[in-house]
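Next, two complexes with chain A in common: one pairs it with chain B, the other with chain C.
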Partner chain A sequence: MNKSFQELIPSKLDVAKEALAAAVSRLARKGAYIGLVFFAGRAFPVLNLTNNYNIFYTILSRRIRTFEASAPGDAIIEASKLFWGTRCKERKIIMITDGDYNEGVPPEAAVLYPINNKYNIYLIILNIKGHDKIGELLNKYNNIKIYYTKSRNEVLSAILSIIGET
Partner chain B sequence: MVVSVEISGILEEKLRRLVDLGLYASVAEAVRDGVRKLLSELDFARIAADLYTRKNMTLAYACELSGLSCQEFIDYLILNRIQPLIGSYKLEESIDNNIVLDILSMIVLFDTGLYDIFVDKLNNFGIKIFILDNLKDRFRMIMAYAYRRGLIRNMNEPDFIHIHNKNIKIKNIRKIILLDEEASIAYAAKECGCSLVTPDIRLRDWSRQIGIQSYCLTDIFYKLYKNNLITTSEMYNIFYKLKTIPLILPPEYDTILGQG
Partner chain C sequence: MAVLGIGIDSSRSMPRNWIFNVVTDLLDMAGDNEYIVGAFSSTAYIASGPESNPEKILRIIELIPFSPGTPDPYPLVRELVEFAALERLPLRGILLLWSMPKKPRSPCYYASSLALSSMVKLAVLTPRPYPPRWAYSYTRECDNNIVFYYRKSKEKLREIINFFLE
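Now for the complex of A and B:
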């Protein structure tokens, strides 16, 4: 379990899905509302905020088509949109990414709206190198917490510590 | 049980001084307060996690020691980057007799919401599920909690078994640190000719050493899948639900995911 992503048979996407499954079960215990956005070269809002947790497992168990490009800025905008018209006390965006940015809205611009509206943003970066584009761009903001992870265990640990703060 | 402790020398003198000063009614009261403070300051979760990594201890025992619930203790281990030894690295396929569930299996089944599908499919397969009589109340409590959270649809109870033979000789008990309940479940399985089902790898290894057939929940789900009682899409769902605990899944499960 402590092997790095490169040595694992499941891809980074599978690791992210497993971490998401663990996160959903913990958030379900707290009765939180959860939404879901997938992104690659574009961002796709898959699920509006809901407390129907079973639907997450159905979505996770489906195959996801992956693309080459990465547009984290678009994903942050789409995730922020999910909160529109809701009366949530705490608004948190957790982004699991490989840290690349090569398409779409610049992440520094995308985070302005959520930061000004006191959303907390957490980035879990699946990267063995420990430095990456998105981390360098968003490091300066106080509302953004970045977790660099090298293995499956570290991703799980990061996501559980984020949920522990909720 | 009463514990007697001899205190003499400087420690005794200091305690008597506290009584003389009127801080405590008696030396015994001062000692009791001291012990209470000591226990409140100890981080039992850390101690349990430390022992769990160093000794051959079952997860249920470590949970009990930590004073946390099973789910909380698993989360504590993961946060400290310790892999809980639950699940299975290798698949065991020869399940053919009735099964006895342990506490951890019940928690996994109810917490993942897989209890309904597990009971239905096993009944169709002709395998009966038993739970130890002593755990009846605990089982009902976990089940009621899962029902309230909407994780299960029916509150169907399995059969409860009672151990008649009180003179059970426990061999190799020193090789593992486990709860009395876990030992009783293992021996109940042996007495009734059933297999023990537990996700705890250490408990399974120990029970196999003493001649009790034991399996993981993952083995049973895979067996049901192989016998076409569970569809591939249901298996995907089961995979992610078991990963929420998170259980260690054998490589065969990755193969199923690769097939879709």
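Now for the complex of A and C:
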């Protein structure tokens, strides 16, 4: 089944949740630590880095309220902060977004700290309408990899590729 | 070696060449310290650090983009204090390069109180030739945890370094 997002019921949010759940079930085997930040016009860190995957699934399964506006820079900052004070050797930030940016810290500013500290940043852009400001702003950085996806299967294969499961 | 914070007002009212000159002089005078660089407007973020390489620090400062909103130092002071606490860094002082708008978004009292309770000194250096009205009353009331300087000079920078390291 490789329907485009326009045809998808449920929504982009559900596609993102489904891909995250698949990724985390594989990361659990490796004992990876996982945190979670939701964002719209603000960013909300909801889970500090943990290897308690049940909490992750519980949060993911709850109904998420959606808001207008998009502050991806704030989300990158909050995701970076989850690593403060930890000794994680490999630091990956995966952002699933529709590519819009109209609020908060400029994304090119938000990536300065993680890039300088050798974090890897992955953007999965659910490119439904073809507008992706964040991709345009961040495609110049070497350690930011951008995946443009048009279907549920492409999101899944992108996230599995990021965690080294393909 | 001490750890010091540099907080850069990233609003359009701050002349970038002025910021660059101040930081260049600071690093010439006190290059044997480590620096955490952050930026603030209505939001705040850490851009790099701790870093002791002057070239890297200056390159980061060049990359900080302009951000909208009235510059408010409190969120950045909070970020720096939290970062230092979590990463166990002995942060001694924060130099705020701030346009000091006529109507501050939050009173400087909040930033200096947080710094005071965290045993961190604050210095404000501004390109303004004279203080805004609010700063006169503030300067009279404040404790010995914060100093204000108007216009840059090497002597003022030397005083700030001594204030942090005394």
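What we mean here is this: the second predicted complex is superposed on the first by the 160 of 166 C-alpha atoms of A that agree within 3 Å, B and C clash if a C-alpha of one lies under 4 Å from a C-alpha of the other, contacts with A are read in each partner's own complex, and residues count from 1 in each chain.
Just so it is clear, a residue touches a chain if its C-beta (ideal position, glycine included) is under 8 Å from a C-beta of that chain, and two chains touch if they have at least 3 such contacts.
Keep in mind that this is a model prediction, so the values were computed, not measured.
Chemist: Please tell me which partner, chain B or chain C, touches more residues of chain A.
Modeler: After superposition, B is the partner touching more of chain A.
Chemist: Classify the contacts of A:106 with the two partner chains as first (chain B alone), second (chain C alone), both, or neither.
Modeler: In the superposition, A:106 contacts chain C only.
Chemist: Does chain B (first) or chain C (second) touch A:54, or do both, or does neither?
Modeler: Touch partner of A:54: chain B, not chain C.
Chemist: Classify the contacts of A:43 with the two partner chains as first (chain B alone), second (chain C alone), both, or neither.
Modeler: neither
Chemist: Between chain B and chain C, whom does A:77 touch in the aligned arrangement: first, second, both, or neither?
Modeler: second
Chemist: Please indicate which partner A:156 is in contact with in the superposed arrangement: first for chain B, second for chain C, both, or neither.
Modeler: So A:156 only meets chain B here.
Chemist: Overlap of the chain B and chain C footprints on chain A, residue-wise?
Modeler: none
Chemist: Which part of chain A faces chain B closely enough to touch in the complex?
Modeler: 1-2, 9-10, 14, 17-18, 21-22, 24-26, 28-29, 54, 57-58, 60-63, 153-154, 156-157, 160-161, 164
Chemist: In their complex, what parts of chain A are in touch with chain C?
Modeler: 73-74, 77, 81, 84-85, 104-106, 108-110, 112-113, 116-117
Chemist: Of all residues in chain B, which touch chain A in the complex?
Modeler: Residues 71, 75, 78-81, 83, 111-113, 149, 233, 236-237, 239-241, 243-246, 248, 251, 254, 257, 260 of chain B touch chain A in their complex.
Chemist: For a test of understanding, state which residues of chain C touch chain A in their complex under the given definition.
Modeler: 10, 39, 43, 45-48, 51, 56, 60, 63-65, 67, 82-83, 86-88
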